[in-house]
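Next come two complexes, and both contain chain A; in the first it sits with chain B, in the second with chain C.
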Partner chain A sequence: MFVVTVRFIIGRLINRLITLLMLVLFSFLVFELIPQSLGFKLGFFFVGITQLNPKTAQAQLAAVDAAEQAYGLNAPIPIRIAKFLYNLFTLHFGMSPTYKEPVLTVISQYLPNTLVLVTVSLVTTSVISIVLGVVAAKSFLKSRWKIGDKAASLTSIGAYFIPAFWLGIIMYVVLAAQLHWFPINLFFALRGGGLHNYTGVEYYLRYLWAASLPIILLTIVGFGHRQQLIRNNIIEEYNSAGYVMYARARGLDESTVFYRHAFRNALLPWVTQVGLDVAFLIYGVFFVEIIFQFPGLGIVTTEAATSFDIPLLIGSTFLFSVYILVVLFALDFVYALLDPRVRLGE
Partner chain B sequence: MLVSQTRAIGVEGLNVEFYTPRGALRAVNDVSFEVYEGESLGIVGESGSGKTTLASAIIRVLPSNARSWGRVTVYGKDLGSMSESQLNREVRWRVISYVPQASQNALDPLYRVGDQFVETVRAHTDMSEKQVLEKASELLKHVGVDPSKLNSYPWELSGGQKQRVMIALALLLSPKIVILDEPTTAMDTIIQAQILEMFRQLKQFERLTTIFISHDISVIANVADRVGVMYAGRLVEIGPVEDVFGRPLHPYTQGLLRSVPDIRRKDGSFGYIPGSPPDLVNPPSGCPFHPRCSYAVEICRKLMPPMELYAKDHYAACHVISSRKDLGLG
Partner chain C sequence: MDNFTINVLKRRDAQVGLAIILFFVLVGTVGAALAPYKNAYNPSAYYVAAPNALPAWVKIFPGYSKLPANIILPATYPLQAFKVPSAVDYWTVTDPGVGGANVVSTYTAGFGPTGLPNPGATYTLLNTANGSELISIGGSSDAPVTVYLTHSFNYTYEPPKMFYAQALVYPAQVEGAGLAVFLYIKSSAGVYPVALMADPQGEAALESNPQLGSLYAQYFANPTLPPLIHSSWNLLEGITTASTLMPLYYLNRSVSVYSVPETVFSHTGEYTVGELIEVFPHGDYSVRLYQSDIKFQIFGSVYGLMGTDPHGSDVASEYATSTGVALEIGFGSAAIVMVIGVFLGLLAGYLGGLVDNVLLFVFDFLLLIPGLILLIDLDTTFTIAHVTPNRVLLLIIILGVLGWAGVSRIVRSQVLTVRSRSYVQAAQAMGGGSMYILRRHVLPHTAALIIALVTYMVPALVIADAGLDFLSLGITQRPTWGNILSNLINNMTPTNGYLWWIFIPVGFSIILLSVGFYLVGTAIQEEFSRFT
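On to the complex of A and B.
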């Protein structure tokens, strides 16, 4: 039993690492091979893309050539791929031409903000979707008028269909800019507009205060479909699964039938959905950071894309991929804990 | 056969209706019968004739889109008037247990077989886990399953093993009544014979009352004292097993028996009933069997025939039986 479980974990780990490898190769294709095959000099990515000034063109091109030489961009492709992989997996992302700083320094400054938003909203959407899903399913199955189901499900479907960008702007304008219930940006929250320097618990509380609007927005738009998924699954399990009927026939008490048999089986597809949602949360966090002036890797990546800061883009793409795969790997564990068929490789 | 006069199960005018997108589907229609203590009643009929629904209606585990009415009594107690928790405490598994079809995946794939024995006992008594597993091992040995399977997950067992595990689970609290739904379909004939023998002994020594539901007529002939024939949700014939199978009265029962392959029939032919079972959302008027019945007359299209007594304990619901000389009824 133990050996099989360990084999399962190692199998999933290898699987996730292969996925990461494919993603890295994909970014090599997008950021190096394609531009180069179109005749673009990759050295520009590393010195920054600027207009050639007729007077200094000579010097600029020399710098580009020097960069290509320094980063080995003219080496044979297999060697470059190996180097590309080595650099990413050892976190050597190079220098950002726009920030004039190592990419790792830039990222480590902004990444934590993004991770807080994504991770916390992943947890809040999960908790809310399960609680409202259970409330709705119970009401659907047990109550006559199903009012609890109607309330919980309409709330969820409504929240899911609210245009996130629109709601974000409304929240920012009304709750932050007009009512001042929330800070207008992270800097204002932490520094009081440059007048204070908060420390200790107060610092974290004010950080949380600034992070709450973006988290609330991501939560509102992110829990609805998972609530519907778990609600429908529970109802389906409860009504038609043979083991639920059998559990009732054996005289098990209602909460055992509901939670131990119907709910736990209904949870499995929901866990798969959490994995899919992580990727969408990463998209979501890009514009949420912009709306709420919450400086995270989303803003930085968007700016890097518009200013062609390729080393920064490669670095942030890589770290986002790693984050998603770590979450997926964690979910593999959850799935294996819930379902012995996965753990024991049926 | 010594059958006591204590009525173990009484079913009176039981109906079950499912709400489907196409309309109400009457899966069980005005079914009445009784089973006495120590007796074994067989229920036969085609798939979709309402046998399984009848079983789930008796122990009241119908899905939420179903509604049932009528009276079900167990040792005189009206189950309809009991609350869900009262049923759990006083009836389910302690008095009536149930063996569902293996194809219904009744064992939860997420829990070990042993855990499902333990949770069942825990719901009713305060036996320790060790005691439960000891008793479970003993029962598993009786049904010919290695007790080490208690550590297995249901999906690690074969269909026949699952059926035998569920039979062991049904006997765990020594109930008075067991309802078995296609209990032997996934078993090979030798194991099937052992299981049927076990139930014969339980009946003889423990006065266990059973309802055997099966489409396998040879199983029913083997094990049942009386047999009921279901068609389109209705009980169309019921009586002692040797009478119903020896001198079937209802045209449907006759067709059903003719359709059983018989090794002694040299030409290898076997009869079948033309047509197909009716749509239960829009059932035919009158007798539900009339569109397929070669004896049907005008009144069959208009009126549902009542259950009538034709021989000792032998009832059938058909308009034309009494007009048929070939049945040799006095």
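On to the complex of A and C.
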């Protein structure tokens, strides 16, 4: 049994690694092959200029050529792919032309903020979707008027349809900018507009204060899909699965049937959906960071894209993907724990 | 299949959904075609009314009924630009009769403004073509001679937020006199000069005025105000957003620079706008002055169907054109998604084996890695490499290329179930080729599902584009739903009512569009599952 589980886990690990490899190849395609095949000199990316200045064009072109030479951008493609892979997996992202600092330094300043937002909201959406999903399913199955189901489902479907950036503007303008219940940005929360320097517990409390509005928004827009999924699954399992009927025939009490049988089986597709929802949360984090001025990797990536800071863009793409794949891999463990079929190798 | 379509159309939810979609299609096509400003973010579309003007229909509510709409005097272009002789009659010429002045005002068809620079602002009217009014003043005097051109109107609204006054004057002949030209607004509360130009002699005469001379001196000391130049067209203008350049700021010290429009139009009643030509003769004099493009504008605090944004642009135009862009992108990229997704889904499902495994991996890859990051990556590289200057087309391509994985996955699983059906196996046994079976048996049985899927995709693609625009990575420099929303963040305050007339329609449009497509898609899917 243990061997089977290990084999399953290793299989998933290999799968995830191949996905990461594909992503790196995608980056290579997008940032090296496509521009080059369209006749664009890659050296521009590393020098940090996109438009030639007529006065200094000569010097700029020389710098571009030097960069191409230095980074070996005209080498044969297989060698470049190997080098690209090696650089990313050893976290050598190069220098960011806009920040004039190594990409890793820039990213490591901002990554923690994003990780806090995504991870916390992943937990909160998970908890809320399960709780509301169970409430809705129970109400649908047991209550006559199904008010609990209607309320919970309407909330989650409604929240799912509301665009994050629209709701975010309302929350920011009303709760932060006008009512001042929340800080207008992270800097204001942590430094009091440059007047204070909070330390210790107070620092973390104020950080949490600033992070709460973004997390609330991500939670609101993120839980609906999984809530509906688990509600529908519980109802379906409870009503039609053979093992539920069997459990009831054995004389098990209703709550055991509901939680140990129907609910537990309904949880499996939910776990798969978490993986897709991480991608959705990361989508949301870009807007949330910009609206609430919570400086994280989303803002950095957006700015890198507008200022054509390609090394930074490659680095942040890679780290976002690593984060997602780590979460997915963790979920594989959860899946193996929940699903005896995986453990038993069926 | 016809029966199926009718069944879908009979459903209430499908009807509601289709009505919503039809509404947006109408706004995006007919509305966008009728929109007076095709790109309301172009500075030439600014200041159609006062910034942050409310929609005109709020006047039906009691608290807002007194808000002014746009008042432009004269109202029509031929009168403003002196294209017709009756333009002269619009202005009443008053000759005070001082010093035996002989004032003659005639319409000149063959002479008009020339050689003027481009207007600095959208409310400035610079018509460089024939048509003007000639005012001749002659006589013999040593006392100043003042000639008024006036037009009276009744103002019945609350004070406006902004007004503007302009005139083009061409002093063709100034002999034996100095000349100053004012634009002013007069009410029972007082006379407010809003623009003033004088030639050197006129300036000296004004500055020697015993009471106001020092104030005039301060006014003329302002280096940004040009003097009146003879034998040349001069733009005489005053705008309340630059009220420190208005003579009233110097002469009427009681007027606060921050509340010029509120002070000037402080009450309802009869107002007179006009031009004052002041001649400072010494002995025999003769003045001939051409003028054209006279325009007074009170900027409306209410405007059109949806008001104006903080630039004073027409929000209705913004909304209609941006809806058009949203639908273009939604439908355009959904078409690409459908073609790629269906083709690869059918391929994976039908061929199976290695092809299936590889394609499945690609589907998973595209679904698991956040699409936004891939979008940003592709968008950046295509922008740098100048693939196409048409941002809308570029976004359609990018969204289409990245969005098909979900469709493929479901088509594939549908193909797998259809493939095991006996009629497909029978067709195979009778020697039907892969392409034949796909076209003849598999595709018809998955068509409805595919349509339902694409229906779900359209709003998702619209929102993805809105998101990119919101991050200022998508379409720039023209209104789209994302751009409208991102421009709001820093402009929403309690004093402008949080710009609800922009904020609510755009937000609800995004939600409604999603709901509309969701209803239609669900109807198709449910009918389909009943059908099979």
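As a working rule, the second predicted complex is superposed on the first by the 339 of 346 C-alpha atoms of A that agree within 3 Å, B and C clash if a C-alpha of one lies under 4 Å from a C-alpha of the other, contacts with A are read in each partner's own complex, and residues count from 1 in each chain.
The working rule: a residue touches a chain if its C-beta (ideal position, glycine included) is under 8 Å from a C-beta of that chain, and two chains touch if they have at least 3 such contacts.
Everything quoted here is computed from the prediction, not taken from an experiment.
Visitor: After superposition on the shared chain, which partner residues are touched by A:V127: those of chain B (first), chain C (second), both, or neither?
Guide: A:V127 contacts neither chain B nor chain C.
Visitor: Go through the superposed model and pick first if A:F40 touches only chain B, second if only chain C, both, or neither.
Guide: The second partner, chain C, only.
Visitor: Quick one: classify A:A330 as touching chain B (first), chain C (second), both or neither.
Guide: After superposing on A, A:A330 lies clear of both chain B and chain C.
Visitor: Now for A:T306: first (chain B), second (chain C), both, or neither, which partner does it touch?
Guide: Only chain C is touched by A:T306; chain B is not.
Visitor: Does chain C touch more residues of chain A than chain B does, or is it the other way round?
Guide: C
Visitor: Pick one for A:A70: touches chain B only (first), chain C only (second), both, or neither.
Guide: neither
Visitor: If we overlay the two complexes on their shared chain A, which of chain B and chain C does A:I162 touch? Say first, second, both or neither.
Guide: Touch partner of A:I162: chain C, not chain B.
Visitor: Touching A:F320 in the superposition: chain B (first), chain C (second), both, neither?
Guide: Second partner only, chain C.
Visitor: So in the complex, which bits of chain A are touching chain C?
Guide: The touching residues are 18-19, 22-23, 26-27, 30-31, 34-35, 38-40, 44, 50, 161-163, 165-166, 169-170, 172-173, 177-178, 275-276, 279-280, 282-283, 286-287, 290-291, 301-302, 305-306, 308, 310, 313, 316-317, 320-321, 324-325, 328.
Visitor: Across the complex, what residues on chain C touch chain A?
Guide: 361-362, 364-365, 367-374, 376-387, 463, 466-467, 470-473, 482, 485-486, 488-489, 492, 494, 498, 503, 506-507, 510-511, 514-515, 518
Visitor: Looking at the complex, which residues from chain B come into contact with chain A?
Guide: These residues of chain B touch chain A: 56, 59, 61, 63-65, 84-85, 87-89, 91-94, 97-98, 100, 104-111, 119-120, 123-124, 153, 155, 169.
Visitor: Which residues of chain A touch chain B once you look at their complex with the stated criterion?
Guide: 141, 238-243, 245-254, 256, 260-261, 264-265, 338-341, 344, 346
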